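Each of the next two complexes has chain A plus one other chain: chain B in the first, chain C in the second.
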Partner chain A sequence: MLLDQFNFHYISGWTAVASWRWIANDENCGICRMPFDGCCPDCKLPGDDCPLVWGQCSHCFHIHCIVKWLNSQQVHQLCPMCRQEWKFKE
Partner chain B sequence: MSTPARRRLMRDFKRLQEDPPAGVSGAPTDNNIMVWNAVIFGPHDTPFEDGTFKLTIEFTEEYPNKPPTVRFVSKMFHPNVYADGSICLDILQNRWSPTYDVSAILTSIQSLLHDPNPNSPANNEAAQLYRENRREYEKKVAAIVQESWNDDEDDDDEEEGEKS
Partner chain C sequence: MPLSSPNKISLTEQPKVDEIRENKRKRNDENNPSPLKRARELDDPANMTDSQRKPNFSALTTPNNGITRHSSPLSNNKPGAAKKLVIKNFKEKPKMPENFQQETWRKLCEAVEAIHKSCSIRYSLEELYQAVENMCSYKMSANLYEQLKLVCEAHVRTCLEQFKADNSDYEQFLKLLDFCWQAHCRQMIMIRSIFLFLDRTFVLQNSTILSIWDMGLDLFRANVISDKVVEVKTVDGLLRLIERERNGEAVNRQLLKSLLRMLSDLQIYKEAFEKKFLEATDRLYAAEGQQLMQERDVPEYLHHVDKRLNEETERLLHYLDQSTKKPLIACVEKQLIDQHLPQILNKGLDNMLQENRIGDLMLLYQLFTRVNHGQKDLCSMFAVYIKKAGRMIVINNENDPDKDKEMVQKLLDFKDKIDNIIDVCFGKSEKFVNAMKESFENFINQRQNKPAELIAKYVDSKLKAGNKEATEEELEHLLDKIMVLFRFIHGKDVFEAFYKKDLAKRLLMSKSASVDAEKSMLSKLKQECGAAFTSKLEGMFKDMDLSKDLSLALKPYMQNLDVAGLIDLTVNILTMGYWPTYTPMEVHLPPEMIRYQEIFKKFYLGKHSGRKLQWQPSLGHCVLKAQFPSANKELQVSLFQSLCLLLFNTGNVLTYEEILTATAIEESELKRTLQSLACGKPTLRVLSKKPKGRDIEDGDKFYFNEEFKHPLFRIRINQVQMKETPEENTSTTERVFHDRQYQVDAAIVRIMKTRKTLSHNLLISELFNQLKFPVKPTDLKKRIESLIDRDYMERDKDNPNNYHYVA
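Moving on to the complex of A and B:
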């Protein structure tokens, strides 16, 4: 309930956040905030094997970032962006 | 030393500086990026208006997969804030998402000042007054708003030496 209020203020009131969502969706990984054309902060070089993965909800993250998040979740494994159950897109 | 958590916090700080949300500010402490000081200005049209409330935010190396610990340092009177300053807010506990950053945390606490949730009280007196006696609630809040200014005036107790 609080979260919904939060989103409401967030989206309707402050442009700062609209731009945050946009950046998070399109150019940067929403978890580590590094650009999608680079690698996650656990990998040293862009040449390291650090691919992007998509969920069935169509949200995209570095594979290392989303796997770390899912491993830290004991009960439900939810997409950090939309809170739907995370399923890797085939 | 640069770890993923520290690098993420550097990005949070950069974003907070380049794109500061209205009514909040925050920065890492001088010698430790894992501990931040922040200020939330009481939102307009609430009893908290004009208050300047200080907070500390402590991160672990598991950030952003685990939320930080956020506490009011300034005295607070609010249905969802415990006596020790810690905050009962779902997105800092079971509804945390690793896509949140410091801006998101501070603006969500600011909106909690706007819209208390009396259903999960951390301060029973505040929750009860909020529901049943709004005037008394606002009086108590006004008192901590005043106290929040005094925090800034630690150095104004010099003696005037007027005893002649």
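Moving on to the complex of A and C:
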């Protein structure tokens, strides 16, 4: 690039915009059946207020949904989708 | 005290009939006190000194009618008799002189006739009093009363003859009658004062006998007024006088007043006069109402009615009896207002409202308040007008964008105007306020979606930076007014969608005029529609705050990485659920920018796992340092504008196709971008185009504008993509409908989850309560079916109208 031969413009400031969404293996939460872009039925707002959690089986749910589900399980805590033992990822 | 009344009468004055009536009333009140007290009172005239009495009496007669004072009834007219002594000794009854009755009556009769003829009386008052008293003492009262009555009757009859002979016109006739009446009253007052003793003894003791004053009235009534000819002539005359006055002539009100008083005193006001008067009034105003409704426009007509009412009130003040007030005013109201309610409203209301004729509307309200259904009818026609005029503002069948652009301002102005009319003209009546609200709600929702959208955009125009007009306070006031319109809108979610889209632009492009105003608007919406309505909008503000923090943390992160760069990067991170949906676009960025994106992505995902980022290049903007031969400039441009301009670092001329390939910006987006750079305001054209023209065509060539000159260093180049495209608009509206489905589903699930079992109708009515947008029962039914299909709920096996929640 011959800087002195041509006009020279450059960007000094940039306000970029990006949106974020959950990396989920499905459109909807398998427990409440609401979309992951939305929130669980107990919440008003999606996003940080109603986050998702992933199990080691790689299924994910609204955190409020899975916690409620696990509390309702008497003996073994199983993933409601694949019936494997539920363990939080990480 | 009744006795004093003659003292006050003078012949030169009108007889004070009121006073007499008043005294009569008092007399009647005094009818019960003990006889002793009465007797004492009767002594009073006798105790008066001569000098006191004489001037008093002479006031009643013509000045020459001197009354000889010395005589006393018992002294037989001998002058010089010591009357005090005689009176004092009167306690013992003297013998009755011969011819006493005839003599005494002769004297009295002579006096009465003298009064009737207005001649002087030969006897002193005291003598006459005494004569009466004496006759009464000798039990001649009944006889005396009869005689007196006969004399008076004979006199009254001569009056009648006079009237019968009279052939003059009615006004002369009325004057003559008035003259006779006045004379009669005067005479009866004098006669009564002479015969007072009779009045207070004989009359008082006999309830069937009329007092002397009443006898006089009775005689006048029986002998004069009850004569058909006289009565008809009198009443017709009065009515003609009043008719002339109603036609605008000045008439002798004193005459009217006096004669109407006469009729009242004679107790024939009602049957002889009032009935006919009201009939005449009714006829007159019935005809007048019909005619003037045809001839005049409504405001003129109303002013005429007002004038008529005032005139009639004046009439009541000046000569009509107060008892006539109610029927008279009712008659005018009926014939001039009540009969024409629909016509007045149909013919005049719209115009008066349209032209904002405050004074006329005030009058209209006042007049209509007088009649039974006036306010109600006015109110319902007022509502009809608002709906009609409002529809004209809202409905836009040609979809003329210029008309839509003006809609909200026009609605605000219209609302101000109507409010003012209710305040000033319609007495701030709650009925009218409610009618206004209902009407606004009705017409504003006659057009689906658009008003909500335009209100949202209007708010945007006011909250956007560069809105010069308002101070904070004015802006606040304006927002309040907008909220009133907003309240009428049924599809509040449409408003929210557009409001959100504009708010997003204001936030992302830092175009917001004032954070305070933004927050204030948000709290107004929250107050109006509840926290759920604004939670996502608040989420957007939250994202902006988080992004600011993020950018602050980004700086040291980049320094640590030792990224040598010229770009000052800020990233706004949007939570998907809060913001409008943006279609992702892939464009070609310069490698340096891609590097920055990658660094940021690593930085962000390091903080937030389980997320993925989607860049939104269409929302980005840049500060571009540009070198022109004349000067260096700092351009504030969109990311797309920057991408195009950067291409000119490598060549001075580029074709449209070359730019398209190099940037990969979507075509319509690219065309708008190039338009903003090459076809905008001549002073802001950093590119020039060949061939010239407003539209970008395939094959167009673009040149870097060497001639570019601008007085400012920092230049914002209007970003055409800020403008909403028709597709963008449609997709916003579509999203609203999609969202509505989702909200209906969520509401049904929420309700069923708490109620477990519910009948169809109850579920539907609960839904109507909860949903904030217009929705049809058939649509709800579809959503219920869909939820049943998806196993959220099920029908009762026995009763298909009942639903159960499926856990």
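We take it that the second predicted complex is superposed on the first by the 63 of 90 C-alpha atoms of A that agree within 3 Å, B and C clash if a C-alpha of one lies under 4 Å from a C-alpha of the other, contacts with A are read in each partner's own complex, and residues count from 1 in each chain.
One rule holds in what follows: a contact is a pair of C-beta atoms (placed from the backbone, for glycine too) under 8 Å apart; a residue touches a chain by one contact, two chains touch by 3 or more.
This one's a predicted model, so the numbers in the text were calculated from it and none came from an experiment.
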item: First (chain B), second (chain C), both or neither touched by A:Arg33; value: both
item: Partner chain in contact with A:Arg83 - chain B first, chain C second, else both or neither; value: first
item: Touched partner set for A:Trp69, first chain B, second chain C, both or neither; value: first
item: Which superposed partner A:Leu52 touches (first chain B, second chain C, both, neither); value: second
item: Which superposed partner A:Pro41 touches (first chain B, second chain C, both, neither); value: both
item: Common interface positions of chain A, toward chain B and toward chain C; value: 1, 6, 9-10, 14, 16-17, 19-20, 33-34, 41
item: Contact footprint of chain C on chain A as seen in their complex; value: 1, 6-23, 33-34, 37-39, 41, 44-48, 51-52, 54, 60
item: Residue ranges of chain A in contact with chain B within the complex; value: 1-3, 5-6, 9-10, 14, 16-17, 19-20, 24, 30-34, 40-42, 65, 68-69, 72, 80-81, 83
item: In the complex with chain A, residue positions of chain B that touch it; value: 3-4, 7-8, 11-12, 15, 19-22, 62, 64-66, 89-91, 95, 97-99, 101, 103-104, 107-108, 111-112, 114-115, 117, 119
item: Residues of chain C touching chain A in the complex; value: 508, 510, 531-532, 535-536, 539, 566-579, 582, 593, 596-597, 600, 604, 608, 610-617, 619-628, 634, 639, 642, 645-646, 648-652, 704, 742, 746, 749-750, 753, 790, 792
